[in-house]
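Pasting the structures here.
Look for chain A in each of the two complexes below; its partner is chain B in the first and chain C in the second.
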Partner chain A sequence: MLLPKFDYHEPATLEEALRLLSEMGGNARIIAGGTDLLVRMKLKVEKPSQLISLRKIPGFDAIIRRENHGVTIGPAVTAAELSKNELILDRFTPIALAAGRLGAPVVRNRATIGGNLVNARPAADLPPACMVLDTKLKLKSATTEREIEVGEFFRGPGETTIEPNELLVSIFVETPAPWTGGAYIKLGARKTLEISMVNVAVLLTLQDQEGIIVDAKIALGAVAPTPVRAFAAEEYLIGRQPSTEVFHEAGAIGVGMCEPITDHRGSMEYRCLMIETLTSRALNQAYQNALAWKP
Partner chain B sequence: MKKAIQLTINGQPVEASVSPNQTLVQFLRDDMGLTGTKHGCGLGDCGACTVLLDGKAVNSCLVLAVQADGCQILTIEGLAENGKLHPLQQAFVDKGAIQCGFCTPGMILSAKALLDEKPNPTELEIRTAISGNLCRCTGYQKIVEAIGEAAEVIRFREES
Partner chain C sequence: MGDYRVLNTRAPRIDGPAKATGQAKYADDFKMPGTLYAAILQSPIAHARILHIDTSKAKKLPGVKAVVTSREAGLIKYGVSPARYDETLFAHDKVRYVGDEIAAVAAFDQDTAQEALSLIKVDYEELPAVFDMFEAMKEGAPQIHNEFPGNMNAEVHQEFGDTDAALAACDLVIDHTFLNKRQDAAFIEPHSCLAVYEPSGRLTLYTSTQVPHYVMRTVAMTLQIPVGNVRVVKPYVGGGFGPKCEATPLEMSCGLLSKVTGHPVKMSYSREQVFLHSRARHQFYAEMSLGVMKDGTMVALKNKAVLDGGAYTSFGIATVYYSGSLLGGPYKLKSMKYDGYRVYTNKPACGAQRGHGGVAHRACFEQLIDMTAEKLGMDPIDMRLKNIMMTGDMTVNELDMSSLGMKECIEAIRKGSDWNNKKGKLPKGKGIGMACGFFVSGAGYPIYRSDTYHSTVVIKLSEDGGMANVLTGSAEIGQGSDTTMAMIAAETLGISLDNVRVYSGDTDYSVDLGAYSSRQTLMTGHATKEAAEEIKSKIALYLSQELNVPIASITFGDGIVKFDGGPGNFDKLRTNYIKEHRGWTDPPSGEYLTFREAARLAYLRAGTIVGTGKYKPPKLGGSYKGAAVGTSPAYGCSAQIVEVSVDLDTGQITVDGMTDAHDCGLAINKMSVEGQMQGSLSMGLGECLFEEVKFDSRGRIINPSLGEYKIPTALDMPKVKSIIVESNEPNGPYGAKEVGEGAIMPTIPAILNAIYDATGVRINELPVTSERLFMALKKNAEGAKI
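Up next is the complex of A and B:
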């Protein structure tokens, strides 16, 4: 399968990349890992005349710990790197777990977090994981700079609030409170190279080891045009003592937030059942991880 | 417009001129004559085109040749040393892990990336490592066994 013709640019600095992007506007696409873009170009879904590569831009592939505060993830950090990074696994668990379920090893070695967010596929792995954590995206153009909450970033399948002349330059994730645990569950017909039928990311914060739930975040993917937060289920959980029954009830409430479709991957009815089951299962896992929290 | 690239393929430095829309698998097969790397689906689903790029297994159909500038590439042709098969290749032969052979180069390179990182993998780790490589003769069982055996051979060789 052949790629259409295009010009290729490899800017050595961020400034140069932003200048190129503002000059070329809608004719240019950013290429990082290429595992999504090149497929879409081969299928002639996209025909950019210019590709701007991020591979030479310094710092774009770095994971930087912000002491007691959070982590800054470069947009070109690969899914493989995220899935193995100890800091991400320990404190930002849903991101590491979701990254470890994206595609297959050969895909994870190339696919980047920036690409997975900006491409905004409804079934993507990393968006729900970022949405349960306090994640901010920094977008820059040649003349502007802004920061946006990840929850406000997605607009529809393949659509985000990013402008054609803007580049996602960094992803900041705040460190969750003590006694927080996270989980991510992806359901597909097979274990790898799969587009999710339903995916669930959760983050659960306890008052202390035996305490009530003081914060809960649940995000569901592949069940609506964009990933969605199950706010009603979160509100239900806060203030309650964690238990299997409570988690089950939260799952049942979560279903009400979703508008899944019927397609070849699964029917609407099946997806609704799975949302309920997987949400409660993910909450149980997050609870176990919260109990194992260490300073 | 063509771009000049410099890279190392199977230990040999190479300078070449490539079109931006040329993928790494096209460059390896058509320009370098390294046809051991197979071109399967072209969409990153089958893994037949797997090569190691700076030690990591990637689908070379989803990497542009220009993106490999400055990188180390290992293809199936670079595995044998002094005419002697690599333990992975030998184990695939010995265990009958090859039927039609189309997936074999990709399988072996995904396995090589695994063993470089984890010399003593579990069966689950082996199955996960090759989960992006499809075999349509369904020889998975033999392939998994061959990788396990190769791991033992390599460990034994390094200990002695």
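Up next is the complex of A and C:
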């Protein structure tokens, strides 16, 4: 299978990239890892006449700690890097775990967080993980700049609020409160190289080591046209003493948030049942991680 | 077992360095000046009448050199078995599946060829289609081939003994059904071919195939070229597993387009086209009853098969026979009845794949044995051992187990897996299961009726005497046959493996039916051995004349020649050799005459020294209809134990361990034997847990990619304990027989029996996805509540 013909640009600065993007508008696509785009181009699903590469833009592949309050992740940081980065593993656990389950090593070495978010596949790994953390996306065009909560970003399969002349330039994630633990569970057929049948990201914050749940975030993937938060289950959890029974109940409530489809990967019925099981399982894991929290 | 120097070791593969360094050439790597690129137009509709084909626009596209349809190709019918030639290169009256070939183009580059395809206009009259094998058998179903009413492609009815009477006399009869799913072989290298038609009238195909010989015959027939003018060269091949066992429309189209244009023509299938061409594992439905006595003695087996064949026959006749014949062993039965039906549907044709025709029915049978053992309160291993066949036994359908280490295999895995301490003693969610199987070491008869040799081999010594060149038409497809032949030649000649070179996969080198039915080691191995022996006797003859010693006193081994076990007096030979090769870097030395010097003498006496070998099996099998299918000079057998963990809340299965024993006769190369064993397990695990080619309601494949068609990854494969059991096969070269396919036979039922052990739920439909198992567990729990 051959790639269609296209012009390739490798801007050395962000300004140049934004200028190219504004000039070319709908004819251009951004390429980072290319793990989705090149496949779609070979299948002739997409035929952009211009590709703009991010590989030379300074800082796009950096993970920068913002003292005491968060981390800025460049859009071209790879899943492999996220899965191994100690800061991400320690404080932003769901992102590291989800990145570690994305594809297989060869895919993770190329696939980027920006690409995974912007492609907005309903079953993608990183969106639910970002959604349980307080994540803001910075979008820039040649003339505008705005910041958007990740939860506001996804509109449908492959659709986001990003404009054709906008580029995702950074991802800021706020450091969770003390006594927070996170988890990410993915259900697919194989142990790796999978597209989720269901995935669940969870963040749980305790008052203290023995205390009640003061905050809970649950996001589910592959169960609706976009990843969704299980708000009702989160509300149920807040203020309660953590226990297996409470987590189980939260899982049951979580199912109500979902409208999974039946497709060749799995049926609606099975997906619903698994949302319940995996949510409660992820909550248990997050709880264990929260107990192990260290300043 | 003899005292071998080369055989029975762990030899590094002779093609290893070329493959590891990227030097190995595959069909798609071949380039020639003036090459045109071809593409095939395939039907987007599953069943339709072709009303009109307009190629005029495509022909006018700049860069297009030729467009061919059935008008140019003719309507010569071909297939695998002459009994069912039901394909033409291009569809002319009807298309019968999404992917059916209609036209081919050759152009200066691939883009142009693809664009030309889009300019061919085909008018279709869509016909009702049928995609389900049971629907296809019903009255009033759409008819796919006029010649085969009721979509019945082939029917087999065999009975040995009076099965109904035998079942009626049994203490216990248990029934079971089983359904697998259509598989894809998922070889790493898609089909690829470069065809070169020369003005002399000679056509050469460089193609990714398992069977150069059959490709040569089919291409000669369909393109109407004298068979002596067709040469098929198989470069290195990235896997075949069965679907590359027949000539493809890709090969024939390249050949035809090269003939029409006078240019070399090249084409490679995309992965999607590999799925569309298919010819891989059928979908099988099995229905069985096993009758036993109270003490566990097996008496009678009733077996019914329905096969979803797809739109054409391919290997299907053999497949539908194998589903019956391969249950004749390895357990003693008094009677067996088989009814098989292969049905046409509007899907890509199915064919042969590793464990041809036997895998699904073996899975059903081995589950049935476990179910029976449970009812009788017997350990499944004891139940099998009670009924096991031994060397010299003949199955009820007249397959001769000339060697059979089945019992040894079972005992080896029982010990190797610590079965006795695990069976029945594992916690819920953990399970252990076992199964057995056997397979042919080469089909007893060629695909076409013929007295042909199945293998011939030529060995030619180099002029200096230092190198033995083995020329064979056999097909190295990744399984290691080149190394096997090199080892057999080296052992027989008494020289080191480094002094043998293998030239293979070329119909100009020798006759060889190819790599299918696990035949290369036994059949090509025999021919290689015979050729090497002829060389050895020629050298011995000339030595005896020259040195005036009796032939019987001369022995070969370790690269040297001995006379009555000692060095003898060969001074004048050495002096002559060194004189002739003055200034060369490697004069012969040492106390003994080297093979090189001896071979040089033979050359000086008689010119180039050539030895030839040949093999065909003796007449095998019974005289009933279809008796040929399942016959073989020898049978390999294997037993496996699988341990699983089941996540009872999700249905996810983890295969924790596999213990596998295989009787391959003498293990020529232990490393290759283990490789085949482990590869078989991986393929069986994939079929059991993940793999299924899925179609939408209009017959289009939903998952024609290795992203969505799921074969096991390294993380899905457990550590495998491979135990080689070596019987001495009287019909095999040096006692060797198969391992390439037999090893897959027990894998699926062993996993299924382990899942049952872990959960108490019997799964009789593949693949056992987490969803299928979870829903079955749920249903089982609900049933228990009521």
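Everything that follows uses one rule, which is that the second predicted complex is superposed on the first by the 295 of 295 C-alpha atoms of A that agree within 3 Å, B and C clash if a C-alpha of one lies under 4 Å from a C-alpha of the other, contacts with A are read in each partner's own complex, and residues count from 1 in each chain.
Note that a contact is a pair of C-beta atoms (placed from the backbone, for glycine too) under 8 Å apart; a residue touches a chain by one contact, two chains touch by 3 or more.
Quick caveat: nothing in here was measured; it's all calculated off a predicted structure.
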Query raised in the report: In the superposed arrangement, does A:Ser267 touch chain B (first), chain C (second), both or neither?
Result: second
Query raised in the report: If you stack the two complexes on chain A, which partner ends up touching A:Ala104: first (chain B), second (chain C), both, or neither?
Result: both
Report task. Look at A:Arg121 in the shared chain and tell me whether it touches chain B only, chain C only, both, or neither; answer first, second, both or neither. Result -> neither
Query raised in the report: After superposition on the shared chain, which partner residues are touched by A:Asp7: those of chain B (first), chain C (second), both, or neither?
Result: first
Report task. Give one of first, second, both or neither to describe whether A:Ala80 is in contact with chain B, with chain C, with both, or with none. Result -> first
Report task. Classify the contacts of A:Lys138 with the two partner chains as first (chain B alone), second (chain C alone), both, or neither. Result -> neither
Requested in this report: Give the label of whichever partner, chain B or chain C, reaches more residues of chain A.
Outcome: B
Query raised in the report: Of the partners chain B and chain C, which touch A:Arg240 in the superposed model: first, second, both, neither?
Result: neither
Report summary line: Overlap of chain B and chain C contacts on chain A, residues 1-2, 104, 191-193
Query - Partner chain A, residues of chain B touching it in the complex - result: 1, 3, 19-23, 41-45, 47, 50, 53, 56-59, 61-64, 66-67, 110, 113, 128-129, 131-133
Query - Interfacial residue positions of chain C with respect to chain A in the complex - result: 110-111, 114, 270, 649-650, 652, 654, 689-690, 694, 702-703, 707-708, 710, 712-713, 715-716, 769-771, 774-775, 778
Query - Footprint of chain C on chain A - complex, ascending - result: 1-2, 104, 187, 189-193, 195, 197, 264, 266-267, 269-270, 273-274, 277-278, 281
Report task. Provide the residue numbers of chain A that touch chain B in the complex, in ascending order. Result -> 1-8, 10, 31, 34-35, 38-39, 42-43, 51, 53, 55, 80, 103-107, 109-110, 191-193
